[in-house]
Amino acid sequence: MTQQGISEQRVDPLARGVWGVVATPFTDAGEIDEASLARLVQFYESVGAAGLTVLGVFGEAAALTAAERMQVLGVVAEHSRLPIVAGITSLATAPAISEIENAQATVGDRLQAVMVQANSGSSAVVIEHLRRIHAATGAAVVLQDYPKSSGISISTDSLIAVVEASPFVSAVKAEAPPTAVAIARITASVEVSVFGGLGGQGLLDELAAGSAGAMTGFSFPEALVSCVSAWLAGDAEAARAELVPYLPLINFEQQPGIALALRKELFRRRGLFTSAAVRAPAVKFPNELDEIAADHLVELDAQEVR
Amino acid sequence: MTQQGISEQRVDPLARGVWGVVATPFTDAGEIDEASLARLVQFYESVGAAGLTVLGVFGEAAALTAAERMQVLGVVAEHSRLPIVAGITSLATAPAISEIENAQATVGDRLQAVMVQANSGSSAVVIEHLRRIHAATGAAVVLQDYPKSSGISISTDSLIAVVEASPFVSAVKAEAPPTAVAIARITASVEVSVFGGLGGQGLLDELAAGSAGAMTGFSFPEALVSCVSAWLAGDAEAARAELVPYLPLINFEQQPGIALALRKELFRRRGLFTSAAVRAPAVKFPNELDEIAADHLVELDAQEVR
Amino acid sequence: MTQQGISEQRVDPLARGVWGVVATPFTDAGEIDEASLARLVQFYESVGAAGLTVLGVFGEAAALTAAERMQVLGVVAEHSRLPIVAGITSLATAPAISEIENAQATVGDRLQAVMVQANSGSSAVVIEHLRRIHAATGAAVVLQDYPKSSGISISTDSLIAVVEASPFVSAVKAEAPPTAVAIARITASVEVSVFGGLGGQGLLDELAAGSAGAMTGFSFPEALVSCVSAWLAGDAEAARAELVPYLPLINFEQQPGIALALRKELFRRRGLFTSAAVRAPAVKFPNELDEIAADHLVELDAQEVR
Amino acid sequence: MTQQGISEQRVDPLARGVWGVVATPFTDAGEIDEASLARLVQFYESVGAAGLTVLGVFGEAAALTAAERMQVLGVVAEHSRLPIVAGITSLATAPAISEIENAQATVGDRLQAVMVQANSGSSAVVIEHLRRIHAATGAAVVLQDYPKSSGISISTDSLIAVVEASPFVSAVKAEAPPTAVAIARITASVEVSVFGGLGGQGLLDELAAGSAGAMTGFSFPEALVSCVSAWLAGDAEAARAELVPYLPLINFEQQPGIALALRKELFRRRGLFTSAAVRAPAVKFPNELDEIAADHLVELDAQEVR
């Protein structure tokens, strides 16, 4: 350990594969639905997810109280043995540290890393943010670049500079399109895992660019797992064949403005969630898409891909 | 004709099918490449496009001089017999009318309609804008809702109000996600054709929601044509089968920030364009994607879908 | 109280005058500086502020932990007798309620109201959000329309609909320009106090439009108090005369991107704060403005307005 | 002249003082009102403006046809002897060159410079854009950094790099807040005039930071002229005294969303314009502000500053 309490040596890269971004199920009354949450994480484990990312943007962490966040983490830890990455909502250092301490108190060494958003376009600001977070908590960090959620744009060069200066960063989640370009450049520069997200829309390109897999919450994670496994086994053809039948649904589910509601509705139709309820101001599932959602499921059944 | 010179009766809806959004090819020196443009529109005609949309956002109309816009329209009209929709760049009435007059002077009755962007969130403002445009030019109008390009957000209710008040509107181009919701609501309310765009990413859903087809510039328009034709013939299964193998490339091509460059590069690799040059400030094709683009083409060949 | 726990009768409008938006002072090491905070709130009381708005956007509430927010409220309550409005950071209902409960636990009936941001462009969503907040906490609400901070745009009509449906709303803070238009329309429709903010840049216009005063954190609150007091006493000339000499500094301080740093630096130079430190990712005071800031203070001294 | 047709030597900086940003008056029917335009430019000349900036954002250039732009320039040139800067609307090179050629054909050597917007955050892209513009037209360039209008953000460092590489740049118009910081940094680095805009809200700070004056369209330009003249004569006190009484109106007029309508209405009330008409989608003067606008004028009269 150096003077700053930060080891000079880079931590191990986060495990390759598919990290399930865990949606937080609610009852129709709006309370956390622990049974549905347990089903979801068990399902992720059963299909071969590498780990679970909890309390991310699509986990509606920003709509949960601190107590509810701990409740969610507790249920997740109890019902699966997968490693956990906890998403951190705050862009500021002190409340981010507080969130991490709560996560550590809840799941202990099950916490593989915390996912922290790039909170500035200036690499110096992000480096200091991460340095203080790590010094206070010792946590490994997944650095998330997700301008659509954070409102922050950072160049790929600056992102690389942050990773280079932060040996405790074990992964980058690259969600600023064009993601394949960013992934190619980051993986050419530093030894970290880089994951794509965005529902898997660009997964094949991201793998080709050098990504370590996907970290996303698509309602058929088994398809992502099959695709990434085939890719990691060296079979690009098979990877493509596994993913392509699901792309119509991936694109459907990833529609801006209603993606969360679609995903939850699909989990409901799959029997994993009891309700598709979201917390306001998130938008509800629009009835106009009722049949189209049904058609997608019928199609996947018909192709025996399900 | 009423006092305002506007007929009370709605014009015929724009023809169903795939309208090719024509990219404007440039030489490496940045001049309009007429030979490539001729090849492109002949190709669109050969694959069964319903018509051509020229001078849209992806036609880089905003980077062309008035003379160049007429040059492009002239080449398009000369080398295909397809009906033409001319995109109008300006959001203000007077210069929009001027653009339309130039288009009419160039291609005459080949001009099926002009595509005008919703220029306000207020239906009253858009209605007056279109009324004055139609009164001055007599042109039928395709109303485009493309907030990412125009910076204007308009509700679906307001969009419907505009169409209802404007009998000379023959189509709506719905590019504000979630597009399938908008398409379902518009087609349930008024008798116009509604087209999706966005590269075809949501084409199957949009057709299911009642769209008249696609109006977009994906580099393999034959796939969109096959899909839409199958759909219009009542065969949803076939429609899906035609589109799905192309979805990886559709998603690749539609990446925010570089979509235009990718599309042009793919046209170049297909032998339709001599150069993939774009006009600044549009972004060039990133070298990091060189192999990934090649892989997409190899894949399509391998599957004999090409 | 009705079944929903919501009285049908509107609460008293929030007191007219100047509500000081309390900046949270930090030490150079980044910790909450209680002594400076105590000085600031005592100063607000000494100059005749009507009340204190704590934990707002410019109170850097988003950069404070839950414990620190309570610490700030506690210091404020201890060192002044003014009524307190507590700003609520979260846009979602459950964590907003949690914040309010913490505030109530800390300052009890010193809490005059909580300031909640419009969290949707849909009045129905905001109404439900406020209804649940009030049902859970009983708190009176100041509804804040501040799109630059919240990212949410809501029409004035929708804002009025929210207030009409929510009798426990005692004030609106109107910070979506043009504010004078919104203030005129709201005050013509419902019996609530409406306050302008934005550093006081439009204070005279807002008063003329019917505002109840200012709720903002300008570094010379005594100028705002003198202005509003004169206005409420019916002397528009005097109100203008009190404010005008401060407008150069108001405009200086309100500059986008660095307004918080400027305000804190001016408090430091006035001897109220020990340090001008802000918490990242907020931007620091730029050295280039060192002399200009000094000039503003010299000017105000020279004019004996200080 | 070098090989590229660009002299290595920097052109003379644009003259210090106040450049009037000329609003384009319309009749109630929406046509260009030449008589009002003539009155306005004569007024600018009579109050001592250093020059006229025509066809800028607030000249509604984007709502004028090419023919109308030339008409406006022609009227301006005919009715004043002041040097002219012509605003260029397009962000792309070819149509920008076309606009410049039209301006040159209309006003010849009365054209002191053309005002071109930074069209990318990349200095290399802007440099090439300006290089090609200058090579094609020989025009001197005022580089405008106005992200609110262009949608483009460029760092001050990149802006300086552009000016250093472009000796034909005679001025920068700095309208990305905080402007005083940018002005201080640019004037410390390169020998160009730097002007503030934004209605004059930060004029005193901008002069203190080293600006060459103001380039804006505030409805009482004589106040800006008096202020800048006093400043350039070395009398900071007088500069302040000249500006301060107008700051309430400056802030009123500069309100986002309706600034253009306010400015035109004030010109109408001053007798310079016959109508306050704007071209859609610009927003009309809101009736709610009728009396407030009147009060501002009464105030200025009462203080004998008018």
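Going by the order they are written in, the chains are A, B, C and D; count residues from 1 in each one.
What we mean here is this: contacts are C-beta pairs under 8 Å (C-beta built on N, C-alpha and C of every residue); 3 or more make two chains touch, one makes a residue touch a chain.
Labels paired with UniProt names: A, B, C, D = Dihydrodipicolinate synthase family protein.
Because the structure is a prediction, the values reported are computed rather than measured.
Visitor: If you take the mean of the Cα atoms for each chain, which one ends up farthest from chain B?
Guide: The chain farthest from chain B, judged by C-alpha centres, is C.
Visitor: Could you work out how far the Cα centre of chain A sits from that of chain C, in whole Å?
Guide: Averaging C-alpha atoms per chain gives centres 36 Å apart.
Visitor: Could you check chain B for residues that touch two or more other chains and list them?
Guide: Not one residue in chain B touches at least two other chains.
Visitor: For the protein chains shown, what form does their contact graph take: line, ring, star, complete or other?
Guide: Topology of the interface graph: a ring, with each chain touching two neighbours.
Visitor: Which chains touch, pair by pair?
Guide: A-B, A-C, B-D, C-D
Visitor: Quick one: in the complex, what on chain D touches chain C?
Guide: Going by the criterion above, the answer is residues 177-181, 184-185, 201-202, 204-205, 208-209, 236-237, 240, 243-245, 247-248, 251-252, 255-258, 286, 288-289, 291-292, 295, 299, 302.
Visitor: Quick one: which bits of chain D touch chain B in the complex? Just the residue numbers, please.
Guide: Counting only chain D, the residues touching chain B are 30, 60, 62-68, 90-95, 97-98, 119-120, 125, 128-129, 151-152, 279-281.
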